[in-house]
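Have a look at the structure below before the remarks.
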Amino acid sequence: MKKLSNGLPLGVDPVSRFLTLKVGLLVLLATLSLAVGMVMSSVAESLQRSLSGTLTVQVPAGLEQQSATESIIEILRATPNIRDVREIPDREINEALEPWLGAQAPILDLPLPALVDVAIESGQTVDIQVLTKKLSAVAPGTVVEEHSMWLGRLMDITNTVETVSMSVMLLVLISVVITVVFSTRTWMAVNREAVEVLHLIGAHDSYIAHQFQKHTFWLWSVGAAGGFALGTSFVLLIQFYIGRLSDSFLLDLTLGDIQWAALCLLPATAIIIVIATVGFTVKSVMRSFM
Amino acid sequence: MGNLTKKDLLVAAVGDVFRFEGVSMRYRLGPEVLHDISFALPAGSFHFLTGPSGAGKSSLMRLMYLAHRPYRGSIAMFGRDVSSLPRQELATFRRRIGVVFQDFRLLEHLTALENVALPLRISGAKEVQIRDQVAELLSWVGLGEQINAKPSTLSGGEQQRVAIARAVIARPQVLLADEPTGNVDGMIATRLMHLFEELNKIGTTIVVATHNEALLERFPHSRIRIENGVLVGPRDIFDTSAETVQS
Amino acid sequence: MGNLTKKDLLVAAVGDVFRFEGVSMRYRLGPEVLHDISFALPAGSFHFLTGPSGAGKSSLMRLMYLAHRPYRGSIAMFGRDVSSLPRQELATFRRRIGVVFQDFRLLEHLTALENVALPLRISGAKEVQIRDQVAELLSWVGLGEQINAKPSTLSGGEQQRVAIARAVIARPQVLLADEPTGNVDGMIATRLMHLFEELNKIGTTIVVATHNEALLERFPHSRIRIENGVLVGPRDIFDTSAETVQS
Amino acid sequence: MKKLSNGLPLGVDPVSRFLTLKVGLLVLLATLSLAVGMVMSSVAESLQRSLSGTLTVQVPAGLEQQSATESIIEILRATPNIRDVREIPDREINEALEPWLGAQAPILDLPLPALVDVAIESGQTVDIQVLTKKLSAVAPGTVVEEHSMWLGRLMDITNTVETVSMSVMLLVLISVVITVVFSTRTWMAVNREAVEVLHLIGAHDSYIAHQFQKHTFWLWSVGAAGGFALGTSFVLLIQFYIGRLSDSFLLDLTLGDIQWAALCLLPATAIIIVIATVGFTVKSVMRSFM
């Protein structure tokens, strides 16, 4: 025997289905922005840790490049505040150039500059101009590139992306609340008759709120599950793609376990917010009845 | 004091079901539609509420079923001042009242059965118990074959009977019926009046607003007449300072 | 043939307004609610339609105001077979009919004035002309002060009067009124019946479905009685082969 | 005196306002995708015109680069099916390298390969492998790059983007129609009572359709105007930005006059589609009434 209806017209009408879609979209957005935000947060951290205080010295190609490079390395080792000096092997340079000059770079045998990585003692600085002058005296044309400046820019970008992502997520959560308030109020206005009759025959506000919460719970669960599944699939796909693109990729763009846990909490949190908002909205509308 | 009926006992125990004192009413910022209404209805009494169209009968009933607050004056129900009741208790009071709305107010998306079952569901009754009870009452009012019909597929009189069934299903202590026989024929009207009288016999206080003169003639209950928002008629019924008069 | 009234002339010119022959009706796939109905109503006649609740009065009216097609049989209106009319002409025929629905069917978002003005607007009348005419009719039915009220702020009887005003504003050739006095007091009911009789005098064919016995007694018009979907009553009125009988 | 209502509850309710927003979004999308599609179409055309049938020959750096280059040019001139041969001046090469090696490229004085542009007679082809062999005999290490292959890829991408953009625009127009049908039907279901009463008192289907069309016209005009304004602003902004980025940009990414005209026709077309759809939908619903 069919169950008796509880009194409110809460069927799966086109409007509800549309809402489910919208919910899915919102949760998808929230999932993606949270994922991006968290990745950026860890990228910024690891950047901070691993790259701060580094310089790159370029020794131009020439007949005495090898010996010039050796002298320069010695000078660098003697310079105060420098923690570590390392010549970058040709193989690495060719690899780095490959995306720009193509696989033919080694064949063309371009006379590339020698590159020297320099790590500065943390918290200390080195005067680039003085250093350039000193090194140029040994090997004219030597260039000192300030990785930390480049890093600064990268950090700026990373931080911006992180802030933007987290703001987007917050905005999405806020629009979840607005959507819920709006759709609940619209629904109650459209079905004012039914709500009023239930009220007049003695239904408590919580009876009405509870029915609507149950309905909304299903509506949102389906939408949120869909959006979340889509969002995480997308994140996984991108991680996989990045992973294949380059094992030696500069930055680690994958999510850690804790971050995955945080991501999984998102839809649950959204639904809790929704249910609370529905209850609050219904009850506040009901207070306009005697 | 030889034969005390069940009804007499109830009246003695409960006293007045309604006591209006100097009540005025207005809709929002509109004009007053009820002026200085005072009366008391003892438990177990039976009244007709009459008066021309637009006089204020339905408005008075709105006050009685707690859908509207008075603009001035005080209303006591079951001996408690209504204006001081918290929301939770208002709902409890409403469950003790059955209402037949003038425009029926059936829920369109529910079947006749589900509509009538609502008051029971709200008070938390079990579904199996409900179903038989509701089906029986619906057959009694002549809708045995239409228990699964939506209101929009029922005739005017059939809808009215569903509305009446919903009002009485939970055996309320008070029944307020607003023009409950406007869409049914004389035979059914008589049958429904007998139903109301049965309820009245077991203690339900009944107020029926009607224009139906045939009904007023055949059922000689006390009449409350309202004209232009003011109570008119025998002073004794409406004198709240005196003891209340019984139908 | 000494004194031919305007009405007599109309009847002669138009003949039967409705002619039902062997008409059955059902809602979708439900059971038949009207069986083998045959009758003819001459132009300018006045009939009461009576019968118990659920007998099929409103359903018969639905057929007459072209809201529903018969399941079997044929219906002719103003001498034309309805089933062969194209949509455009159906609308034109509907404009010649005024209907008072049992449940009023006022548009909630419109004022009383706008509701009553609708039939005139639809036929393309100018706004200035409409306004005075509508306001006058509304005062006549006792709603002079409520012309700008929305239906939800009117009493049951007031809504019913707005519905009646909307049905008669465009001086239809046929007036179908379904329980038009169920929510008004005796005085207003009499007044409305007089309005119908005035319309009838200038040639409008009138059918009033009602349970109101007082009305039936006071206004001795021809009665069409329907029971359980079947016409019952004096054979002459319903014999479509014979000449139609006048009220 | 206030105008009398025509009979249908067509106010500016929240649902309508929401629809306006949605309309704006759809038109914005359509505008952008049409603009991108048209730009890509002309890019593909000009690519086709200006770059088809070209080769680039790289002569490696070395002591005799200059004379080797000259011999190679001569050989190329003598090769059949070749229309034009031109040595690319150093300045151009340095410019082209600048984004990759930085402004310091000329200072580093890299021994860059000499580059020779070769135009093939239209409709003809040249066997790259044979040519490479022939040229390598003169200057070992000479590489022949098939521009047309690279161009082919670029063309593929351009064509794909064009197809995608135009499909998106079509999809948007289809979802405009779906949205209209859906919202009209929903509205008519919600207001069935009012529609039925109008019908029963003798309103023609076109009376009801016309009212709804008037209402929809305003709703959509506002939305479409907003979305179109936003879309074109965006297009203008991007054009301006690209214009500033590089005057010598390889591809012309601006819209021509005719394309602007086509763009301006978009919202008008959308509204015409909408009005027609509304009329059609209302009338088809009305036919379910007797």
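Letters are used for the chains, namely A, B, C and D, taken in the order the chains are written, and counting of residues starts over at 1 for each.
Keep in mind that, in the parts below, a residue touches a chain if its C-beta (ideal position, glycine included) is under 8 Å from a C-beta of that chain, and two chains touch if they have at least 3 such contacts.
Just so we're clear, the structure is a prediction, and the values are computed from it rather than from any experiment.
Listing every chain that touches chain A and chain B alike gives an empty result.
Of all the chains, the one whose CA centre sits at the greatest distance from that of chain A is C. Averaging C-alpha coordinates per chain places the centre of chain B 33 Å away from that of chain C. A separation of 70 Å divides the Cα centre of chain B from that of chain D. Mean C-alpha positions place chain C and chain D at a centre distance of 63 Å. Annotation for chain A: no residues touch 2 or more other chains. Within chain B, contacts with two or more other chains are made by no residue at all.
The residues of chain C lying in touch with chain D in their complex are 65-69, 87-88, 90-95, 97, 99, 105, 107-110, 113-114, 117-119, 121-123, 127, 130-131, 166.
If you check the complex, the residues on chain A that touch chain B are 1, 3-7, 9, 11, 193-194, 196-205, 207, 287, 290.
Contact residues of chain B toward chain C in the complex are 27, 30, 51-54, 57-59, 102-103, 142, 153, 155-158, 160-161, 178-179, 182-189, 211-214.
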